[in-house]
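In what comes next, chain A is part of two complexes: it sits with chain B in the first one and with chain C in the second one.
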Partner chain A sequence: MFTRYLIKPGAPQWLWVLGVIGDFLLFGGILFAFLQAIPARFRRPFIVTLTFLAGLIYSVEFFWPADPKTQMNFLTPLRLKLGEATKVVYAFALGLGTYNLIRFHGSNLIRKRPGWHNNLAFFISFAAMMGVGFWAYYAPSSKAAANAYNMLFEGIVGALGATMFSTIGFYIVSAAYRAFRIRSGEATLMLLAAFIVMLGQVPVGAYLTSGIPSGGVLRNLRLENLSYWILSQPNMAAQRGIWFGIEIGALAMALRQWLSLERGSFFEREL
Partner chain B sequence: MNIFERLQHIDRRIMYALLVVAIAAPLIWRINLPVVVTPAVRGVYDTFDKMPADKIALIVVYWGAGTVAETGPETAAMMRQLFMQNKKFALLPFDPQGSKFATDSAKALAKEYGKKYGIDWVHWGYQPISNLVPLLQSFPGNIKGTFRTDAYGTPMDKIPMMRNVNTLRDIGVVADITSSGELDTWIAYVQATYRDAKGRYRVPMVYGPTAIIAPEGFNALDAGQIQGMLMGMKGAAEYEKLLSAEGFATRAAGALSTSHLLIVVLIILGNIGYVMSRRRGEG
Partner chain C sequence: MDHATWPTGTLVGLLSILILYKIFSARMGKELFIRKIPGLSAIEEAVGRATEMGRPMVFVPGIGGLSLATLQALSILKYVTSIAAKYRTRIIVPTIDSVVYTVAEEITKDAYTAQGVPEQFNPDDIRYLSDDQFAFASGVVGILNREKAASNFMFGLFAAEALILAETGHQVGAMQIAGTPSILQIPFFITAADYTIIGDEFYAASAYLSREPTLLGSLVGQDYAKALIILVILAGILTVSMPPLHLHGALSFLNHFADWVNWFK
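This part shows the complex of A and B:
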């Protein structure tokens, strides 16, 4: 906030970083000090009011008629600015996440709790990836840095990610074999739909029914067309039904949070 | 244990071994199977095809190594069509791995088609997914103010193809290629709400999900919120067919076929065992 007035455009990047951190500490500090200064019984109403006002900006902006010329209302510029400000706040979550990881793994490592070698692996991986990342970023012409980065990122992180995901395929085969049993009429119907979609979603389905003419009414019996129909009609209807339920639930949840009606361990804590 | 009980309790290690063979064999020995283009995939092709040349496409990359087999060919095929038709695009990754994979793919395709970075394509830089909503609220009205520099630190104003790209109105198509389900967020915060002095602008969108989340996309497809969709690797194979440029997806479609067939056969065997056991009063 103050940073943009104190630091001129074109100033070194580190100065901007310091400025933003300073802004955050200053405003965060003021808010924290204010909350500490006011009596405890006023803290909750203060936060409830602040939450309500913050939510009100978005709601009013959405419903307030827009100027026909600009297609914006008086709150639209503020909403856009808030979007940018929220981005900065979100960035701080990265620092908080890193701090939590270090605290958790560090504590286990120092106390040599069971599995402490996994905590050590975290610190080694973290340091290696961060060190090589900075090296590759600040020495873009260094081939050694690029190779080291590629080895860690593609050779280890990428390969581990792909391996983890690929193993799901084995579980799917095993689970599908055990789960799809024609125990009832509904289960049989589901099995038939699954067969059609499984085969229709791969080229072999088109091959198996390639004898059926690709024109006229009969083309609807080709596996790829049957599969597409199941996905785009019954599946879509069912998905919509599910989403209506989810969205109504989300709306209720959002209203409860906006109006600070939410109950639970966090929301009922003494402030 | 009789034969029917055995059919119901096939050792999972045998199933795993069969799956390895079912996937590996078609990748080694190619199987030519017919690839039929679905309307959803044609929609993707047509949307890029109709995009005005003075606008750019925005390719959103939210996938990593885990789903690269599906989403990688989808991304590559979209970039290929844009390069083939001399259209420009920007990459916007929300996954650090996807950022690297998509960049490598773009560089390889750019070399193939003689395209240059900054003139034909640009990388807007990796953005953490936790920033998605605030980013979607701020960038449509002010692209250069939100991103400021590209992935390599070059100010947006100094990138030739970005000179006239300022708001969402300068983007002709948004392609969301993802292994997660954030399409609704794009529709809610970008497509459905963007307005400026010229009025409302509903940016055309296409969707490139993994096969497992593709069924959710039919809602938006039916509602006209997305103009086309690639359903995982099969969708990518269909797209490659439309482009007459067979790539990894077309080759891997054979492996996909044999693995699906294997699952179907195993389920049938399990059910034969189940039904026969019940008939004999053993179930």
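This part shows the complex of A and C:
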């Protein structure tokens, strides 16, 4: 907020970063000091009012008609600014997350607990990725930095992620085996539906029923058409039914949060 | 920028009024009944199982940021931790998001303190693993395998890693309870978990577990809202299926039924 008045455009990036952190600490500090200073009985009403006002900005912004040209209304810029502020909170929390990682792996490493070499691997990977990341960021013209970054990020992180993703195929097989065991009428129906859908998705399915005419009422019996019908009619209807329930549940929870009516767990009363 | 259209605004307004009306009528002392949700009733059984086996539990609050779904998951975490603290059972909470990590740590600490055993809280059991989806998944898989978890709770937003986590939990013999509003992951959880909470049952969890009048009222309000949606759908089906009417006089307004269906589009 004050940063844009104190720091001139074109100032070094680190100065802006420091300015934003300063802003956050200043306003966070004022808010914290204020909450400590006021009597305890006023804290809750203060937080409730603040929550309500913040929620009000978002809801009025959503419901207020927008300019058809810009797709914005008078509150849209404020909403965008609030979105940026939450990014700063996230940046601070990221620091806490990193601290947790370092504390957990550091204590295991220092005490040489079983598997300590994995904790050492964490520190080596962390330092390497951070070092190369900064190098590539501050030396964008360096080919060596770009290569090192690509090797670490795309060659290792990306490949490991893809490997993990590919294991889903094996898990699907074992899950499908259990799901498709005929134990009840419903399981038999599901097996039948899954069999039709799977066959309908592959060329051999279309081949199996290729003898059925592709026109007239009988075309509905072709496997690819049966498969499409199952996916687009009963399946879609069930999915949309669940969606309605989920969205209404989310609306109810959003209202409770906004109006500070939420109870239980971390909202006022102990369970 | 997304903004509400008039039909959306009207419908959301109507649904909100219904839900708030039921919340406030419940706060005034009206008795409400809610049906049994087996998945939520089984939470205590899962904690008891871990206690008897002397093995820890794992609670995964999804892969989302601090959204509504994650807040609901954290609300369930508080409940599970409270029971775990009562039975002196260890609970491990791996997180993917640094903000969720900080909130989860506070919630867990509070739960142990509320049960009078603050010394049992181990900050190392609340872990921030990684903000990368599959790095997080592999971290959780490692924890489930190494710790031989007796119970595995998966609540919150999930994506492709849902099946990896649920199948690993099944392989280590953990009793699993899952709940997610991520519609595409529900079939995976139904297949691999012992109990799955689907659809709006997920958002009913805090009401079900706490039995607070405000939350119960909200739950009943949700049911009324669903009834309203069903009525709108039925009316829509009727009007688009009806042949054009040519009524005169007081009933002429019925000629325009199809128009209001179009208005909702």
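Here are some notes:
Operating definition for what follows: the second predicted complex is superposed on the first by the 190 of 271 C-alpha atoms of A that agree within 3 Å, B and C clash if a C-alpha of one lies under 4 Å from a C-alpha of the other, contacts with A are read in each partner's own complex, and residues count from 1 in each chain.
In the analysis below, a contact is a pair of C-beta atoms (placed from the backbone, for glycine too) under 8 Å apart; a residue touches a chain by one contact, two chains touch by 3 or more.
In this text the structure is predicted, and so the values were computed from the model without any measurement.
Of the two partner chains placed by superposition, A:Val217 touches none, neither chain B nor chain C.
Shared-chain residue A:Ala93: touches chain B and chain C both. By the touch criterion defined above, A:Gly161 lies against chain B and chain C together after alignment on the C-alpha atoms of chain A. In the superposition on chain A, contact is made by A:Arg178 with both chain B and chain C.
By the document's definition of touching, neither partner reaches A:Leu53: not chain B, not chain C. In the superposition on chain A, A:Val202 contacts chain B only, with no contact to chain C. Using the contact criterion defined above for the overlaid structures, shared-chain residue A:Gln239 touches chain B and also reaches chain C. In the superposition on chain A, A:Glu84 makes contact with chain B only, not with chain C. Shared-chain residue A:Ala37: touches no atom of chain B or chain C. In the three-chain superposition model, chain A touches both chain B and chain C at residues 66, 71-72, 90, 93-94, 157, 160-162, 164-165, 172, 174, 176, 178, 239, 243. Those residues of chain A whose C-beta lies close enough to touch chain C in the complex are 61-66, 71-73, 76, 89-90, 93-98, 100-101, 103-104, 107, 157, 160-162, 164-165, 167-168, 171-172, 174-176, 178-179, 239, 241-246, 248-257, 259, 261-267, 269-271.
Across the complex, chain A is touched by residues 1-4, 9, 12, 15-16, 19-20, 23, 65, 68-69, 71-72, 74-79, 82, 95, 97-99, 101-103, 106-107, 110, 114, 123-124, 126-128, 131-135, 137-138, 160-161, 163-164, 166-167, 181, 183, 186, 188, 190-192, 198-204, 206, 209-210, 212, 214-215, 218-219, 221-222, 225-226, 229 of chain C.
Against chain A, in their complex, chain B makes its touches with residues 10, 12, 15-16, 19, 23, 33-36, 38-40, 64-69, 97, 100-101, 128, 130-131, 133-138, 141-142, 145-146, 195-200, 211, 214-216, 218-219, 221-222, 231-232, 234, 237, 253-254, 256-264, 266-267, 270-271, 274-275.
Against chain B, in their complex, chain A makes its touches with residues 66, 69-72, 79-80, 82-87, 90-91, 93-94, 153-154, 157-162, 164-166, 169-170, 172-174, 176-178, 180-182, 191, 195, 198-199, 201-207, 210, 224, 228, 231-232, 235-236, 239-240, 243.
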